[in-house]
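Both complexes shown next keep subunit A, but they swap its partner, so subunit B is in the first and subunit C is in the second.
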Partner chain A sequence: MASNQQTSKSLWGHAWDSLVSDKLTVVCMSIVFFYALVALLSATGLIVSDWSKEVGPSYAPPSSEYLFGLDIFGRSVFAKTVKATEIAMSVGLVTGILTVIIGVTLGSISGYYGGKIDEFLVWFYTTVSSVPYIMLLISIAFIVGKGILAVYLSLGLTSWTGLFRLIRGEFIRHKDREYVQAATAIGGGDFRKIFKHILPNVFHIVIINFSLQFQFAIKSEVILSYLGLGVQGVPSWGTMINDAKLELARGNWWQLAAATAAMLVVVLAFNILGDALRDALDPKLKGK
Partner chain B sequence: MSLSAYVIRRLFYVIPVILGVCFLIFIIFNVVSPDPTISMLGKHATKAQVLELREALGLNRPLYMQYVDTVKSALTFDFGRSWSTKQEISEMIKQGAIPSITVTFPAFFLSFIISVALSLFVAFYRGGMLDKSIVFVCVALMSISSLVYILVGQWFFAFKLGLFEISGYEEGFPYFIPYVMLPIVITVILGVGPDVRFYRTVMLDEIYQDYVRTARSKGLGEKTIMFKHVLKNAMVSIITYVVLRIPFLILGSLLIESFFGIPGLGGITLKAVNSSDFPVIKAMAVLSGIATIIFNVITDVLYVVVDPRVKLE
Partner chain C sequence: MKKISILVAIFTVLGLMTTSCTKKEMTKGKTLSLAVSSQVKGMDPIYANDRYSSNEVARVYEGLLQYHYLKRPYTLVPNLAESMPKVSDDGLTYTFKIKKGVVFQDDAAFPEGKGRELTAEDFVYSIKRLADPKLQGLGWWLLDNKIVGLNEWRKKYAELDKVDYSEEVEGLKSLDRYTLQFKLAKPFPQFLYALAMPFTFAVAKEVVDKYGKEFLNHPVGTGPFRIKDGVFKQTKKIVYEKSPSFREKKYPCEASEKFKNDGLLEDCGKTLPLVDRLVVNIIEEDQPRWLNFQKGKVEYVSVPKDNFDTVIPDAKNLSPEYKDKGIVLMVSPSLDVTYTAFNNDLDLFKKNTKLRQAMSLAYDIDKANKLFYNNQAIPAQSVVPPGIAGHIENYTNPYRGNGSAEQLEKAKKLLAEAGYPEGKGLPEITYDCPSNTVSRQIGEYFKKQMAKIGISIKVIQNPWPELQKKITTRNVMTYGIAWGADYPDAENFLQLLYGPNRAPGANGSGYDNPELNRLFKVASVMQDSPERTALYEKMNRIAAEEVPWIYGVHRQNFTLRHSWLKNYISSDFEAGIGQYLNIDKKKKKEMLKKL
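Let's look at the complex of A and B:
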């Protein structure tokens, strides 16, 4: 009997269908999954745990023996590029989560309650977004000191403003809708209404934003490395690109090329995925 | 509400935001950041030396007075002197603004023209292969780190091919031209990707409006519709988007200026960051904060002026 029942698909079901129906999107999802897997394997030490080993002469160019060539210390650029995936993915993940937590919490409080608290939070948002992004980035890294923590915090604490604005707007639109009134009528508290009722309805914005924040964070890590505020001790694409400052003049292009290519692929995948998610989840954009 | 009342109300709202920006900068540099005297004097400085320097820099004054100083400097544009070069900061800003503008202004206009033209083009052929490939190229361009463009551009076009100056600057027209060419090209490339994508979305938003259907049913050609109707309406969003960039034309680009040795405000800021020159960093942060706030107000007012559908509340 149950098998005959026709259940209509949810928004997420439809979104999933439309995502997997596009070949490019499936390729992008596979790329992201592959990078995540590489990061996981490298973090657990199953692959490239010997990236810091000297395997040949300093600055050996790419050859059949040394796939992507060697760096100044004779370390394999290929191993470094793979190892750096770990940093990139962790930076994307952690700053993405930080952004979501701050943006969603403040945005939903602001939009749901309105009044004085909304005025205060909007003031705070305007203030933070008025100070140039790079200044905030530098200052936070300045305070926390160099290293991966500085990268996480400086990117996470500065990137929430866009999500805040969107979530606040959605909550203002949703809070007086009938389904929320119904929840009030059966005795639902504020907390329940915010998290159980309204948030699932605006969650697509969070997902799209997360995907775009992910690639933005990976790109920003390069700038932080250039400013000398990046990751220390382990390879990252940012430090590899930054090293190329001195290498290019001597014609050593392989480290730059490897890091750029590795980054380009995953950032491009996230960008396309972000667009695909927007198309799939935002019904207003259907057919464009 | 009348427009002037709206403008006045909007300007009043600027005050708490300026105070907030000053507060944020004050917290960062005067409260939580590490003692700047340590990096200025080195590790082996004696207690007495540190105290003396702190006194001289005004760091021993009560915190609220230091905040008042920050606000005062924001309102009077008197930021004091640089700790490292001892130069008057307002003087440094005046000198740095021109080199920044020689790079950012041409780049701003070039990328505006290219992006609008390109997005009109892709909106015209929307949905087709051409549209898809151009959008793909834009996204791909955006997926490469800005540092890579600078490094490769400098190495290949300036160093290898010798088409441009590698780095440096000379004051006065036309002497600066060879130095700013490559920075301009790179700035344009960096801007075109995101701009085309945004303008395209704006134009597609317009193309599906009722007035376009009306225009089409009147028998107007697709070209007339694009240029006379869609472009005109899309310009509202495009101009408000572009206006917000204007303050950054003066402030310049941190990365490009420091790589190409252009003595603009971006380069000055980065130098200040590297030498813990707090007054200079603070001045730049306050300045760009205020500029952003003011241009935000201008955008809002402009929006109301050009689009009568926007309600004043």
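Let's look at the complex of A and C:
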């Protein structure tokens, strides 16, 4: 019996195996892990807490002394890039979590109960998805003031609609399946059926969506900060690119290069990871 | 019979020649292309309260007076007025004679679409329009409490449903078709300057009545240019054409000494405007504007801060690369001041002169000058810029920071005396600025400077209209902004610190100092005299030492122009300059190849 237990693997076990079997995916996972670590260290103040310090002359080019060069105030572009990683990752994480909470709760309620509730929620999500997040951001910024909180809220409150749609669809598909009927037969309540029975079966969608949402939020944060609507007073890849817009005329390419490279790597890693997760987790793609 | 046929033939040929000529003119006439850096709100004189809108208004509309194009110091000369006004002995009654035969541009609003003659009544109407309580013209501050009966008129109709323009105002009358009389309620030495500002330019009642709210986009004036197709479409490109009904106005033949030798008088006596078309391109970002200039698509441009080092390597002369292309550099100081204002409504700043002084001392202006103005601006010691009476030569503000260690020590000491040793006990101070890149960088610089003495600053970026709203509603702690002169008189700068002028008036910082107020009240009704200058200087000194703002710099304009653009000189009052500019088409064709 013991040997039998070893060979039998859960869905998650299989998924993990398929993930680590691909070298590219492993690289991407390590990159994401590395970014997360950097963000964590920076958030706890263990590294680059002195990013705003003047370390040399204004606009010094990259050299062995100044790794990525210096900006207008003689601050290290490297330190700014690292500090901005913290902002980007935190926006990705918070937005991702907000999206999951709202999308999953509303999606499962809507799909499971159907009827008037479903009609209302579908109307609601159509309305929300027609609001551009920049508009919402501007109005939220009026209430809570400009800054990272407004970015979290505006991105989180607008981007749950995609996940909502998927979860609702899956719930409609699953709620009449035999295992759910069996659960009903042995006296399972709605709450138990939703969270104990159906949700675990559709959770892979949440994970895939989360990783794609993560990189979307990072990109959006960069765009918002570039436009001056995002974080204020702390470095962001967006504000760095905005600075570079003018500096390029002087031939200063390093700030642009550092910010775009940092962003490119993490967004690409998340995208590839998202694809790999889908391949590993989606039962429909099994064996292909 | 034969004679007639020959004549007919000759006329036909002549006719053909002239038509072909005009056709050629149409396609080949001179076109002047300009670039401006901000959106234009509209073309109604009473709403033109920013530099960009008022410049566009002044291409189509005209006022009684204007600044002489080629004279410095700035000198007022008649424009639609026949001559300078007759002023009564008490200095309160101004009588203008208006030029005869000036007509409005053709428009469907007039009978048969033909523009009618301008009369004194049009000015009465236009100025009442500025005072109209229903329209809320943005230039009302200019004439508020200045003209006999106008405030009463405004007040009366603010409560009634309809404004009656036919009710006569004692201080604003047309005595006959061409005579206009103003009676002032009290001496107002800057009154004539007000008549050269686009707020008081002449509009026609018929046009306002016909277009109603849309009048904003239907400019019909007496000026040298009219907008193509008659409608301003709020686009990024505004095309004007020479107004065919523009009166005979000549290019000036006199100039100040410094303008005499630059070929600026070559067009002396020629009929204005000198070009057939004027195209205004609205390009908000520095780099596209700069690239357009390099391609020869824009006649002149001011040098963007980030291109400064390549274009003017030694900060004085143009680099040979540009010189070879015939490009000319023009440097001129501008009548302005940049500053970081404190909201003096807040007890934090109001009661704490030492805090303000400490912050001013901690702000290193020399470094800011290097970073943001290529070290070419003049650090401001107080509010009045050099070049106008009231500015004190060689005066150094004792609270002007320059980054030296001893000043930093002094700043820290003052901060401690203010009750906040090393910044302890101070709340986080917000700093509001416009949302463009350079303004944000200036904000970050301010933050860094204050951090040196332990004060923490939060920089907040705002779109330009929102920032203005925040300032008027007093929703700011500190903010960065600049003021450019409306007219060459220190009064225009000192009024920014006059208590009763507080926001929504021009005094956005809400600074209120009884001594300064008293002096201002005395000086504001005095004619130009050494006594008035002495009073201005006294106020300027108070403004320096009390530090209601952290003073920034007085900027310098570095303008590049192409070789084919003639007659261009930079001016602090750009209203109407388009008509004087000329293009050397042959040279343009030749030089374009080199670009």
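We take it that the second predicted complex is superposed on the first by the 264 of 288 C-alpha atoms of A that agree within 3 Å, B and C clash if a C-alpha of one lies under 4 Å from a C-alpha of the other, contacts with A are read in each partner's own complex, and residues count from 1 in each chain.
What we mean here is this: contacts are C-beta pairs under 8 Å (C-beta built on N, C-alpha and C of every residue); 3 or more make two chains touch, one makes a residue touch a chain.
Note that the coordinates shown come from a computational prediction; the quantities given were computed from them, not determined experimentally.
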item	value
Touching partner for A:232 - first (subunit B), second (subunit C), both, neither	second
First, second, both or neither for A:113, with subunit B first and subunit C second	neither
First, second, both or neither for A:245, with subunit B first and subunit C second	both
Which superposed partner A:146 touches (first subunit B, second subunit C, both, neither)	second
Touching partner for A:128 - first (subunit B), second (subunit C), both, neither	first
Touching partner for A:203 - first (subunit B), second (subunit C), both, neither	neither
Contacts of A:219 with subunit B and subunit C, given as first, second, both or neither	first
Partner contacting more residues of subunit A (subunit B vs subunit C)	B
Subunit B versus subunit C as contact partner of A:12, first or second or both or neither	neither
Subunit A residues contacted in one complex by subunit B, in the other by subunit C	227-228, 242, 245, 248-249
Of subunit B, residues touching subunit A in the complex	16-17, 20-21, 23-25, 28-29, 32-34, 139-140, 142-148, 151-152, 155, 159, 204, 208, 248, 251, 254-255, 270, 273-274, 281, 284-285, 288-289, 292-293, 296
Touching residues on subunit C, where the partner in the complex is subunit A	285-287, 290, 304-307, 309-310, 370-371, 435-438, 440-441, 444-445, 447-448, 451, 458-461
Residues on subunit A engaged by subunit B in the complex (per definition of touch)	123-124, 126-132, 134-135, 138-140, 142-143, 215, 219, 222-223, 226-228, 237-238, 241-242, 244-245, 248-249, 256, 260, 263-264, 267-268, 271-272, 275, 288
Residue ranges of subunit A in contact with subunit C within the complex	52, 54, 58, 72-73, 145-146, 227-228, 232-233, 239, 242-243, 245-250
